[in-house]
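One structure, as structure tokens, below. Some questions next.
Chain nomenclature is as follows: A, B, C, D and E, assigned in order of appearance, with residue numbering initiated at 1 for each chain independently.
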Amino acid sequence: EKDPIKVGVLHSLSGTMAISETTLKDTMLMLIEEQNEQGGLLGRKLKPVVVDPASDWPLFAEKARELLAKKKVDVIFGSWTSVSRKSVLPVVEELNGLMFYPVQYEGEESSENIFYTGAAPNQQSVPAVDYLMNEVGVERWVLEGTDYVFPRTTNKILKQYLVDHGVAEADIRINYTPFGHSDWQSEVSRIKEFGSQGKKTAVVSTINGDANVPFYKELANQDVSAEDIPVIAMSVGEQELSGIDTEPLVGHMAAWNYFMSVPTKRNIQFIRQWHDHIGDKGRVTNDPMEAHYLGFNMWVKAVQQAGTTDVDAVKDAIIGVSVPNLTGGIATMMPNHHITKPVLIGEIQPDGQFSVVWETPGTVAGDAWSDYLPGSKDLIADWRNPLSCGNYNVETGECSGQNVE
Amino acid sequence: MLEVSGINQFYGESHTLWDLAMEAPQGACTCLMGRNGVGKTTLLKAVMGLLPVRSGSIRVNGADLAGKPAEARARAGVGYVPQGREIFPQLTVEENLRVPLGVRRGTTIPDLVFDLFPVLKEMRRRRGGDLSGGQQQQLAIGRALVLEPELLLLDEPTEGIQPNVVREIGEVIRYLNAEMGLTVLVVEQKLHFARQVGDRFCIMDRGRVVTDGPMDRLDQELVQSYLTV
Amino acid sequence: MSLLETAKAFSERDRVFDAVLPKADFHGDLDTRHGPVLYVEDVTVSFDGFRALDALNLYIDDGELRCIIGPNGAGKTTMMDVVTGKTRPDTGSVYFGSRIDLLKRSETEIAQGGVGRKFQKPTVFPRHTTEENLQLARAGDKGVWASLFHRPEEAERARVADVLTLTGLAGEAGRPAGALSHGQKQWLEIGMLLMQNPRLLLLDEPVAGMTGQEMERTAELFQSLEGSHAVVVVEHDMEFVRSIAREVTVLHQGSVLAEGDMATVQNDPKVVEVYLGE
Amino acid sequence: MSKEIPITSPHGRRAGAESLAGLLILLLGLLLAPPAHAAPFSDQVQALHTSSSADKAAAVKALGATGHPRAQKVLQAMLDGRLFHQVDGGTVVFAEKGGDGYQYRLTDAATGSDLGTAERWGVRRVKINNRLRSEVRQTLAALRLQNPEPEARLTAAEDLIGELDPDNTALVERRLTEESDPAVRAALEAAVGLARLDREDPQARAGAIALLDGSLYAPVRSRLETLAEEDPAPEVRKEAAAMLDGIHTRLAFFDGAETLFFGLSLGSVLMLAAMGLAITFGVMGVINMAHGELIMIGAYTTYVVQQLMPGHIGWSLAVAIPAAFLVSGAFGVAMERSVIRFLYGRPLETLLATFGISLILQQLVRSVFTALNRPVETPAWMSGSLQINPAFSLTFNRLYILIFALAVFFALLLVLKRTSLGLKIRAVTQNRQMARALGVRSNWVDALTFGLGSGIAGVAGVALSQLTNVGPNLGQAYIVDSFLVVVLGGVGNLWGTLVGGLSLGVINKLLEPMAGAVLAKVLLLGLIILFIQRRPRGLFPQRGRAAEG
Amino acid sequence: MANGSLTTTAPTVLPLGPLSRFLAGDTGGTILLAVLAVAGVLVPILNLAVPEGSALHISTYTVTLLGKYLTYALLALSVDLIWGFCGILSLGHGAFFALGGYAMGMYLMRQIGTRGEYGHPVLPDFMVFLDWERLPWFWYGFDQFWFAALMVVAVPGTLAFVFGWLAFRSRVTGVYFSIMTQALTYALMLAFFRNEMGLGGNNGLTDFKDLLGFPLQADGTRIGLFLASVLAVGLGYLVCRFIVTSRLGRVVTAIRDAEARVRFTGYRVEHYKVWLFAVSAMLAGIAGALYVPQVGIINPSELSPVKSIEAVVWVALGGRGTLFGAVGGAVLVSYAKTLFTGWAPDIWPFFLGGLFVVVTLFLPAGIVGLLNRFKKEPQS
């Protein structure tokens, strides 16, 4: 018997993030199990190593170190929040590990050791705004977010984007609320007010986690329907909806790269597999699960290509690797460690699913450094030789940041 | 009425009551005396069940109460007026008096209490904790009487009370004792008061009862050897 | 309580901060040239409309031993609360010597300035040993830094030993004070006062719970303090009062009912009626 | 203003409308039917199966015009997302989920005949986007104007404000002459007035403005604003500006009322969450870190109750309240008997133990219910809002919760102040030993008191399940605030919890518009810290000699 | 680790004269210092000198972990100092810890220089990203280590002083004080979450490169930080011990037991409390400053009330009012957490929660109480 290949799973199973991350742990276990049933990888079995960083950011770093240095895992799938990724980043760079990060995020990062399988802003929010502007005819915008980095960045990018497209500053309202904000009465009332000025108004929501449920409940109670003021959310997926009575939310939207309702063969198979694995037909699938699915398959392919799990070899091999998306099309790992994704806009249905109302014609490649931010518009990332740099400034021709000594 | 025998009590490691035996006969008023720190309060608390004893028996009306919790003893008819009064500070005077209602027979505060301590009637609506020391003492005695006990334990009941009320308390004890057949065990330091109310005396020294007898046998010699330093 | 009252109470602030007080001359020149060391003038205190002190006037001479008696609830303890800064009167003035206004001082300053107090319910530091209780009470620099670097000297140890013997607690020196009996705590608190060595001692029922002979010892102790210290004793034990009293004040319903030597007071019919009984 | 207050809720509206479908269809035919429509009804239904949204919109209009008895049903189904078309053949059908979740039961949309079942992937939903949705709604709105229920008419009229085209303006004007209900009148006036503002004649426009007097509808206001600035006729501009002034004054008043309501309702939530703690911590002195989890258990109980009585969501809360009280109460009693009773007299150690218990309880629900949020449904009677006027409405769930919080408060007050149990509770917590010496069974009293506090926490959980997530972290979100409310009010004083909770809510809502939600909260905490300097023992301190110590 | 060896006999006489006199009778403290000394010598040797394959080798992972535990231990000491001895239960000590951490974090950020993602010479990445033009005023000076080191104690100390002065002079006591400290840390957390604060918002400060010129990821630096933590805990213990055994310590315990009596005895209670509170906050600040370079990130979640409660839990579990118990409690609980989260990731809160309950029920005086019981048994 050869030693198994160890796959680290670094997702919070307790604390505030458990609500989102537990599912991803189960997804990873499912994928690993399936791979083992197909005979493992390179003739070796895969062995999951699960730890609980307990929604505690420094603990993420500690656990990452434990996985890499003590448990000697070959790859890590993990993290949800940006801050947990930021906390882990120095550790994986120091110990030269591999990590796949499955959640849509604010961009502005490209690490040699991290692969970003969720959406960058240009793969989610920008197309969403395009849709609203062109197809729905929205003229007034509320950018509603939780006060942290992802909404801040997204809103900055969107604001720049909207202004570039001729929207007046007065027609943009940006508001931030704290984490876990649960009293939305005044804010919803103000959104109502803002939206009652005669121009078609929409809310682009980057509200995070637990704050969404009370937000939607308040919308419903104050009779704000999707026809009046549609809300398009960047962080609300099937899983979040499964905790809400969706009846009153019908017609509000979300922008993702995956929806459970997309009826491709591959997706249905995936859903069935998930239901079997978890033993509950009521459970939903969501976008970050697909991201792990893609990340895992890419890694498997890269390992097969490289013929080893050696980090440097896999890192080189994985660029350019393509695997099929669950919703059709192909995802390819780009040199900037982001992947290509289709962008889908879905409207919430009474059964808690999304019905796709629009999608990009093809896939969109993730952009690590946004073109709409002054600080990063000149930066690109390319981890292939000879550039091999996460933040190369095309203006100055320098690779700034961590690689300069 | 009350028979205590072979009691050993410890505060942590320190042995406070040593094989103590004493009794308070039915219908009589027994005065428990002794220097500071010999264990009088400790004994009363042990009888009341507020302190655990390591060994010995405590019988009231022939029933062994050792090992029973304090509330059971109260229900069996033991009333207690503690040293330091232990008023419920945030309850009004009236509420303080109502606490023991429903425990035994009574469902209303007996008039006797207000007759004995008119000041309590006056202060009925004020917080117990606000009363002056002496008023609290009266309240504590009144509260024990609401329970309509058969055996009343009083720990230095006259401490901090004005002279004319002290005298009255003495009379009350005599009255309860004589007219209502209540058995009384009172800890008292003041000789003349003890002589006024007590039928019997009982002297403790270093955790033991050293002598007892009818009050008229309490002579200067005993006082000299056990009650002075 | 009505909201209005809450609002009112919120807007007023009846405590004076130590920081805004002028740094006054507490130490050194206590002015007793006019005789009294303590002036209590026209002091009224009421609680929720109930008058505990009613225009009380009281003067204590320097070095005097004064007994205060009076029915339960007459306001004796409240009077001490006012003098020591625990309770702020509604009206009236309290002076220590003829110049120091006690109403403008915090409890701490009053205590440091030379007013010591024994409470009706004995209060000691329950988890310190008897000996430590006495050490803590000792007069001296009580600032933070001084305490941090304080090391007990010989004189202090000797004094503690003396007081331990004097209060009959020598055998209890190493025991935690919380484990003392009621009477022993009384003694300890008196001992702490002795260590504090204040100019004016306020003693609230010091002999409650003591045996006859202990009372005699206490009486002797107090009498020995007379002259160098002003001592105010509140007691209900007439025997004890008789044994020490020269001048006696009788309080009733918050003001002075009678004043004079023991014999006069004892025979005052009003005093007999409200206090002594036939 | 003396308008009647119509009570509306989206669900109510929909249900009412559906029951009257037959009548409406008839009227629809009378009002809107163009002279000749030859195509059979089933073809018109079939026309909905098209990928172009423009065609679909036309089909909707046409369908509305048929006056066919099933037209309304079809449109409604489309609105609700129940309208599908078969992948093979493209027949437009109603589909209901059935069987194992992959099976659909089909009915022909045009005829109502049963078409058997299909695989999940055998049908596709007739896509409807928001634009179409409002098209459908408007088609239906004109019909509903004839509804005998004023409520339904009001909704219909409101749907038409700012949406009238010359065709149906006349119709609405006619309707206006017949309308007697003042609220519906106001809405119709607003609709008509707005439509007339488009007229060429300045005189007519000025007249239309008069029709809008005091109207609080938002489109009216925004229209007047443009008018006041841009209208070519100066007299119209003046008229519009004057009218706007009046509207703004009224709006400001209702804004204030709204802020107050928001504040009180936020406060009632805080107070409700804190009330149980006011017992376990305030009265008993247990630093109960597991309080939040007891709330959480109450919320999960609501979920379980709803699962157990699926058909009766309306009644579920009535069952959930006593159930949550009992379940959380039982957890409380168990906690008290097994752990806390050994800690009386060591209050600070209760912190350690209850912190441990809170970890265990959180993990317990995570293990039993998974870490995911559980959906708790809002009964119809609790959703929607009480519409006072177009600018001011009270959401029902908040309103009920406010009333509920007050009811719980007074019930609790009664128990503590007026019953013998209350007296014993207070006696035991003030001096346990002495209470026992007076014959009070302190064991019982302790267990009951803790159970009571925990039960109240559970009841709070029922209320919170209507506002926020039901998940393992529910309790954590409220624990800090709960302690703050109890302490601000004054430990041991129930009134303090009431006043503390409500005033925190109101102040928070006053600050929020000025500072934003994040900073408002920070400022509020700062204010509390400063406030405590002035009242070191809270709003309603325990008073008297003993408390001053 | 400190616990494991508590039962072994400690060297009774240390070679250091005054120190051994100072520690006479303080068995727990002696053992603690001995363990620290041994760890301070052995750990670096076993990490650096012993080759990786050897059974005796201590991995850098372990060293960092131990270093982190030690900073927690110092935080626990600071909590015990005021809670155990003065009865002031602070539910906001995490705030002082975090402020110390932020001060250190700001220094480390400034050390990044042009090595940030955007390569800006002065501004940290998150400021470039938020389009800030200039460094906010409160970031000045943090490029100097001495200044940052000063701020590590000055900022928490000042906050504690002001907060304490306000609270103690108004006689805010007991639970009122506790809950206000909780409100304080909660308010700070919300404030620090805001990106406008200029301290990195939710993500906080991270991506540090080096400290005093030593690269943070080098083993040597990690050992250095570990040794600094050992030293800090040792000195912290001695300072606390000096305080509590002095007369000031007695006054403070008297305040805990009978505050009014202390006042009537002539001590300015509020001065004592403020002083002790500020000292304790500074210790917590130092702990935070040592924590940050070892874990590599500081962000507002350190300010969340739960973190402060955890610190109190360490103390309660170890044994309140004993100092070395607090150290033991912190290390034990942290170790348990590390162990459980790796060993039973799905259900570990049952174990940790259970541990807390069991300790309160069966060991009223904490772990130290248990050891004392063992020690007494043979004598009686």
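Operating definition for what follows: contacts are C-beta pairs under 8 Å (C-beta built on N, C-alpha and C of every residue); 3 or more make two chains touch, one makes a residue touch a chain.
According to UniProt, the chain labels map to these proteins: C = Urea transport system ATP-binding protein; D = Urea transport system permease protein.
Since the model is a prediction, treat every value here as computed from it, not as a measurement.
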item	value
Minimum number of chain-to-chain contact steps, subunit C to subunit E	1
Mutual neighbours - chains that touch subunit A and subunit D alike	E
Farthest chain relative to subunit B (centres taken as mean CA coordinates)	A
Identity of the chain that, by mean CA position, is farthest from subunit C	A
Centre-most chain, if every chain is reduced to its averaged C-alpha atoms	E
Rounded Å distance, subunit A centre to subunit C centre (Cα mean)	73
Geometric centre distance via CA averages, subunit C-subunit B, whole Å	30
Averaged-CA centre spacing for the pair subunit D and subunit C, given as whole angstrom	63
Centre-of-Cα separation between subunit B and subunit A, whole angstrom	75
Residues within subunit E bordering two or more other chains	170, 190, 193-194, 260, 346, 348-349
For subunit D, residues contacting two or more additional chains	362-363, 476, 518, 521, 534, 544
Junction residues of subunit C - those touching two or more other chains	47, 86
Residues on subunit C engaged by subunit E in the complex (per definition of touch)	15, 17-19, 84, 86, 106-108, 111-112, 116-117, 123-128, 132, 135-137, 139, 142-144, 147-150, 152, 192, 196
Complex interface listing, subunit B residues touching subunit C	11, 14, 35-37, 41, 83-84, 119, 126, 130-135, 137-138, 156, 159-168, 189-191, 223, 227-229
Complex interface listing, subunit D residues touching subunit E	281, 287, 289, 339, 342-343, 346, 348-353, 355-360, 362-364, 367, 476, 480, 483-484, 487, 491, 518-519, 521-522, 525-526, 528-530, 532-534, 536-538, 549
Subunit A contact footprint on subunit D (complex, rising order)	10, 80-81, 97, 100-101, 120-121, 125, 127, 129-131, 133-134, 137, 162, 218-219, 221-223, 226, 258-259, 262, 265-266, 269, 362-363, 366, 370-378, 383-385, 393, 395-398, 466-473, 476-477, 508-509, 512-513, 516-518, 521
Residue ranges of subunit A in contact with subunit E within the complex	13-14, 50-54, 56-59, 61-63, 65-66, 69-70, 82-83, 86-87, 89-91, 94, 108-109, 147-149, 152-153, 178-179, 373-376, 379, 390-391, 393, 398, 400-402, 404-405
